[in-house]
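One chain, subunit A, links the two complexes that follow: it is found with subunit B in the first and with subunit C in the second.
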Partner chain A sequence: MMPFLKPSLYLSAALTLVIVLAVPVFLLQSSAPFWATYGISTIAATEWFPYEQLYGMLPAIIGSTWAIVIALSIAIPCAIAAAIMANEMMSASMASATRLGMEVLAAIPSIVYGLIGLWVLLPLLQHSFDLLSGHSLLAAGLILALMILPMITLMSMDALKQVSAEQRQAGLSLGLNWEALLFRISLPQAWPGIRSGILLALGRALGETMAVMLVVGSLDRMPQPITNILQPAQTLTSRIGREIGEAAFGSEHFSALMACGLLLALMGLSISLFAHVRGLNK
Partner chain B sequence: MNQSLNVTPAMPTDALPAIAPSLCVEHLCLQLAGRDILSDISFTLPETGIISLVGPSGAGKSTLLRCLNRLHEQWQGSITLADQNIQHDDADALRRKIGLIGQKPAVFPCSIGDNLVFGLNRQQRKQTTSAQIQTALMQAALWTEVEQRLHEPAAHLSLGQQQRLCLARALILKPSILLLDEPTSALDPRSRDIIEQSMLSLSQSMPLLWVSHDLEQAQRISSHIIFICDGKLIEQADADSFFRHPKRIESREFLRWSVCDC
Partner chain C sequence: MKINHYLRMLTFGITTALFISSAYAAETLHAVGSTTVMPIMSNAATAFHKIHPDISITVSGGGSGVGIASMIQHTAQIGMASRETTDGERKQLDNQVENIVIARDAVAVVVSKAVYLGGITHLSLAQIAQIYRAEITNWKQLGGPDAKILAIDKEASRGTRHVFAEAVLGSAHARAPGASLISGSNNEEQAIVARSNQAIGMLSNAWLNDQVRGIAIDVDGVGIKPTIEQIRNGRYPISRGLHVLIAKNATPATRALIQFLLSKAGQDIVKQAGYLPIR
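After this line comes the complex of A and B, so read on.
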């Protein structure tokens, strides 16, 4: 009937596999000169001055980690609470409006979030914490939280909607009150879906560049102390985004930025592998 | 019509001290989306026995059960349990007194033992003895099959066993009345027979209101019949009278063709 269907499917699958393999190969190849010169120990170095051949990556790794931790700490509880509210308490029309709102938020380009951060968030943080400027890890984390909130909320809403009506009725018939129904039936059953939303959001937060670049301050130094999230800092993505235009193609600086890209890819891969090994992505 | 049933236990109850408080329904009406779902339903459940609620599809049988344990709240009329209006009781507490078993077994994704005590609060769970667990499982005719498997996931049980687990889970709450919404319709004949036998034993100490589409089953197990059609109670009688000498023409039609023209 459709002689081209099977070959097309095989071709698509093969192409996907090739792309998946090509990305790390490309990153390894382009960053190889850097690793050959500076070695793996540069990951733990703290100074990044490309013009003096200093390529310490630790501040950006710490920056990325902080931004993600802040974003997830804020977005996960807010998103789950919003999903519970929409599914369990709101009328159907209100829940539908909430979903629409979240879908609109999810569709906004990241540069717009960055501009909102510049316009609203930075002055707010500057005045609230009496800072020289609002550029900080906290700003980056908050903007990321805002960006990943719709993704986790929408997936949590879908997951809660999938909870078996029979089991909910069985719980009610056993005299479980609303809270017990939520914590003992709905959330445990919806958790795999919620978890998938969190993992996807984590991937987006890890790779987000533009919005973070506009608010993080791009200062290549370790936070002092390391828990100070009110200082300007740098993330791996904001560093690549800011400096890739200045680095000559094939130069050592270019290769170092590719090494940052490889680290990002490895962080993403580690999260996926961890989720896979622990069965978190099921 | 619509007179209360005479209390005639299906089986002797001399050895069973507990006498269930009677459930009395008076002039129950329910409208959903402007449509009459139940109209002027009145009956009193006997203190023991299996009372089958029969009628064609869409007659309002399951809805009636949901009103009785307040899964539907918008009804009018009066439902009393031991002379107390059930609307004055806390809904969650009431649902423990009036257990409801659905058509499909709904086991929770945890072990058999955890499923069994799912309806108990934390303190009650701590105080639950193995004897109580054994009693509930024996009442549901499941003890011998799961005695050594209480830590296994409940999902590993067969459908029939899962339904009996649901029964045991309701029974451990010590309900006064059990509502059963076609509990055997999704089961194989052997599982159906086991549940019927265990429910017959249980009905010696409490009333079981059993929705059934299977008239042979209703005849086999019931002490009383309540026949409703199009949301109205058409006839209520003891099972023998209903099946041998139905008083209403609608009942005769239903017994002959399983449909009625109300």
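After this line comes the complex of A and C, so read on.
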């Protein structure tokens, strides 16, 4: 039986490599006609009207950026706090209840989050901020925060658990108090794990389409002013989700949407590269 | 242990594949496109499947643009559209597709119940255009309640959007700077209008209800309501044919479904869905 192990491992690894390379190649290839016609400057243009050959990408880029910034700035502190609570302060049974709860949250399909957003979050925002409909970047950010919270929490809990008991005891025997133990030993030790959690969550937030599409309003306009997160707006994913069906394969519109996909991939890639470089320097 | 696990997964995969392929041995037709045509198609599919148990039909939405694109890309046997094909689409379809009108409906201009009860029961096309051009932004300017207007536009590919924009704004792809939201399917738009107290939107007449009221459109000073009767006599200004598209070399099963849609039973389904039968 065992002789098959190594070849099959190589095969799986090779397959992974092919997939990893195939995605950017496909995106580049299918968006190439668009870049050739409109050039890179179209990224900074603000008007998206495919039927008038206007493909300004800035509104959706700003929208996507806002959505993940809001989501991460809510989810990261909440998730890490929850992980610390569960690992360091709660009883074992409470901690496993937290874990179970988080696992359940993580398993809920995104369309369900979208519907929760549509029926609970939007009316709430509409009434508390006196908005026309509640569709906004804030709504998208809040829904995304809810969706990525379990991922960061679970990864952080695992990472904190991995911190060895010896190190903790060494810290305790040095007379470190609880705070010092947490900030000097546990969190720095767990940081790589927490960071992977954040990066995975970021990937999900950046790529989430369905839930965002339902609450963001899909209005392809620049937020006025640019910090206005209470108006309907557009994200790259929601634009692709709304328009890919009608864009005939190989058409200019299709190519433009693939360019949006490429931008998304580049955004995700550059953020994780940045995080890795920072991590190595530490 | 591990190998066993893989073997089990492999067997599972193979059985699943076999199961799926055997389920598709009898003919399955896919109908894709307009969510306006969808209620007719789903009900017809159920009735048709009872008569021809060997033919299964899956029905999914996406919008008229998606329905026509699926015919261009040969990803479905039946395309549904609530508008005519555009010149560009006709070129891509390359005369390989038959376009059959199975019903007629009206694109109703809908407002939230609160707006309707607040006095907005009829508007002229020019007034509606002013709303979508951001020249009128409060219902008060039209004699209604003092509330900002939530103007809902639809995705550019939607048939309802084409027909509405052509009648109101002059061209199918006209910009609508007054719009403050973009919605997709009829259901999505209906839900937003129902939830709001200040919305205006566009919907097929079959989607009207207590929360989502269709207003009359002023033609020569007379308000014409989006009713079946007014569609039939041609007085309601925004009405259209509901189309199904099939390939010219479609299978007998596909043709049988179209025959069924055009038969007495099929046209009764059209009527039940709230549309005007063509026969």
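The working rule: the second predicted complex is superposed on the first by the 273 of 282 C-alpha atoms of A that agree within 3 Å, B and C clash if a C-alpha of one lies under 4 Å from a C-alpha of the other, contacts with A are read in each partner's own complex, and residues count from 1 in each chain.
Note that in this section a residue touches a chain if its C-beta (ideal position, glycine included) is under 8 Å from a C-beta of that chain, and two chains touch if they have at least 3 such contacts.
Just so it is clear, the structure is predicted and the values come from calculations on it, not from any experiment.
**Student:** Overlaying on subunit A: subunit B and subunit C, fit or clash?
**Tutor:** They fit: once the shared chain is superposed, the two partners occupy separate space.
**Student:** What angle, rounded to a multiple of 10°, is defined by the Cα centres of subunit B, subunit A and subunit C, with the middle one as vertex?
**Tutor:** An angle of 150 degrees, rounded.
**Student:** According to the stated criteria, A:V69 is in contact with first (subunit B), second (subunit C), both, or neither; which is it?
**Tutor:** Neither partner.
**Student:** On subunit A, which partner's contacts cover more residues, subunit B's or subunit C's?
**Tutor:** C
**Student:** One more residue to check, A:G217. First (subunit B), second (subunit C), both or neither?
**Tutor:** second
**Student:** So, A:L172: does it touch subunit B (first), subunit C (second), both, or neither?
**Tutor:** first
**Student:** Check the residue A:L124 against both partner chains and state whether it touches subunit B (first), subunit C (second), both, or neither.
**Tutor:** Neither partner.
**Student:** Closest pair of CA atoms, one in subunit B and one in subunit C, after superposing: how far apart in Å?
**Tutor:** Nearest C-alpha pair, subunit B versus subunit C: 36 Å apart.
**Student:** What residues of subunit C sit close enough to touch subunit A in their complex?
**Tutor:** 2-3, 6, 62-63, 65-66, 69, 72-73, 92, 148, 150, 155-157, 173, 175, 179-184, 188, 191-192, 195-196, 198-199
**Student:** Considering the complex alone, what residue numbers of subunit B touch subunit A?
**Tutor:** 69, 71, 92-96, 99-102, 104, 106, 108-109, 118-119, 166, 169-170, 173
**Student:** Spell out the part of subunit A that touches subunit B in their complex, as residue ranges.
**Tutor:** 164, 166-167, 169-177, 184-185, 188-189
**Student:** Going by the contact rule at the top, pick out the subunit A residues touching subunit C in the complex.
**Tutor:** 1-2, 4-5, 8, 49-52, 118, 122-123, 132-133, 135, 214, 217-220, 231-232, 242-243, 245-249
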